[in-house]
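Letters A, B and C mark the chains as written, and numbering starts fresh at 1 in each.
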């Protein structure tokens, strides 16, 4: 476990995710995303309070996508909605895109570091300052201009309020997602068992064991030969956040 | 300007006049305004700019022509940076942080670009970095003609000056990074709107200095 | 600078450097000073000047090297004198651009105010607008007694006269507008940021960003 990575060093989720993947020398694929998902979520839950409020929402969005990818890895028969599939594809594309610009920013840094910059010439250098006022300049024009400028300054309180709202709605969405996964996981296992294909049942059973091991779901067998009930761990949200 | 000289003489004369104006004005000036001041076509200005650019490639030239969008300025040759720096006794520019450099690179390669587009690429809120870049004059903003509640950000002449390049096409990997396959559809759609965008240039002599 | 190139390359390089220095300076510079700055002989400076003079004889050049006694200066070509003159005159008759007017209003209501304060309130760099306002005599600057590297800007006496007021306090709603907390908040916020900002300055790749 490369525990030297600290979330506070990362401004954004893509940066963190890319660092986690590159730390394991992996390419950006769904498999590698699933592999680092736990770490990402662990970082997020451990350092949540240290994340800039303005960026918390972005971290949460990516978290919800990683939860999807991870659950699909653990339970391959789990069906994604089109929307979920799109969200995951979008994450892969964006990571690749972000990586390009991170490289590009290093290129710009190298240009800056060369120190070979150009200096412009000052306007009308050497020309005398002559009083040449524009037409129609009055105190009222200046007053209106300054008032407009003040009016365009966004209030800090409003920005913070909006961000908090966004974060709250995201946390709700993640909770909904977890609920939905729980239902779908239960359904899937029951259907599989009912289908009677022995091999599939075994595979699914192994998947369940893996899920249990990851503390992602809890398996619950009422009595020795009774139905196995599985559900996404109730404590899940506590683990993440 | 037609009666006397040949075309090449005309072009040289226009180049000479443009160089005089650029030298005097110091600040960037649009092709449109130059065309109006000299009473020639914008194509003539473009041709003359080519002559100037070529002439300043000479080893003995201490100047370069920087061109950005539809404007240009004359500036010192980057190779002489340290000397000029010591002479003008200006403070060295402070370096940029990692996040600010990322935002700058998105703007450099994808301009004009909105904050939400930058945020989407970086996966994070970029307003601090944007403000920092605006205050340092490394980028410029204009109201998005497609959505007046939003700004669009572009590189400034100052950014090219500090990077020591004559145009954004000299940025590393410019060709590959400036095109976004995914957004190709969106970009071409917004390009159609561009003509409306020329509002700043409507008055060729306008002293508008929003850049 | 002797070990590498041939004499002609050296001469071209010196010419290039001299041109860069002259470009950024509005006043004549002595051969002696140039020789000292470039760490070459005065003869080398003379030779380089010859190269520049020759290059500026080209029809497409808009600049000329003026040599007077033992000093030299870069200037616009005499053939373009009337064009440049009318360009400068017209520029001064222009209306103020939106940005310039905005800066003027900030200076009027918050005088004496530093450039970084103006920038913080506007959220963008104001150097072009300030230069323009100074050239037109609408504002004045004085060294900031608190920080000698910075200027403080105020409306010029003649501008107050033009506005028909004796002091900025006679501006409409001066008391409330000048102390408006929205602007004050931005100014103080930008000051708080400063120390953190410089710490990341030395290394442009430093992880913490300059917010």
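One rule holds in what follows: a residue touches a chain if its C-beta (ideal position, glycine included) is under 8 Å from a C-beta of that chain, and two chains touch if they have at least 3 such contacts.
From a predicted model like this one, the values you see are computed outputs, not experimental measurements.
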item	value
Chain pair bearing the highest count of C-beta contacts	B-C
From chain C, the most remote chain by mean C-alpha position	A
Whole-Å separation of chain centres (CA-atom averages), chain A against chain B	34
Chain centre separation in whole Å, for chain C relative to chain A (CA means)	44
Length of the line joining the C-alpha centres of chain B and chain C, rounded to whole Å	18
Touching two or more other chains - residue numbers and ranges from chain B	23-25, 27, 74, 76-77, 79, 84, 88, 95-96, 98-99, 101, 158
Chain A residues counted as touching two or more neighbouring chains	11, 106, 109, 112, 119, 121-125
Residues of chain B defined as touching chain C within the complex	9, 11-13, 15-25, 27, 37-38, 48, 51-52, 55, 58-63, 74, 76-77, 79-80, 83-84, 86-88, 91, 94-101, 128-129, 131-132, 134-137, 140-141, 158, 205-211
Residues of chain A touching chain C in the complex	9, 11, 106, 109, 112-113, 119, 121-127, 129-143, 145-147, 149-150, 153, 155-156
Of all residues in chain B, those that touch chain A in their complex	23-27, 64, 66, 73-79, 81-82, 84-85, 88, 90, 93, 95-96, 98-99, 101-102, 104-106, 108-109, 119-125, 127, 157-158, 160-165, 171-173, 177, 180, 182
Contacting residues of chain A [partner chain B, same complex]	11-15, 52, 54-55, 58, 62, 93-94, 97-98, 100-102, 104-112, 114-125
Interface residues, chain C side, partner chain A - complex	20, 23-27, 88, 91-96, 101-102, 104-106, 108-109, 121-122, 128, 131-132, 134-138, 156, 158-159, 162-165, 170-173, 177, 180, 182-183, 185-186, 204-205, 207, 209
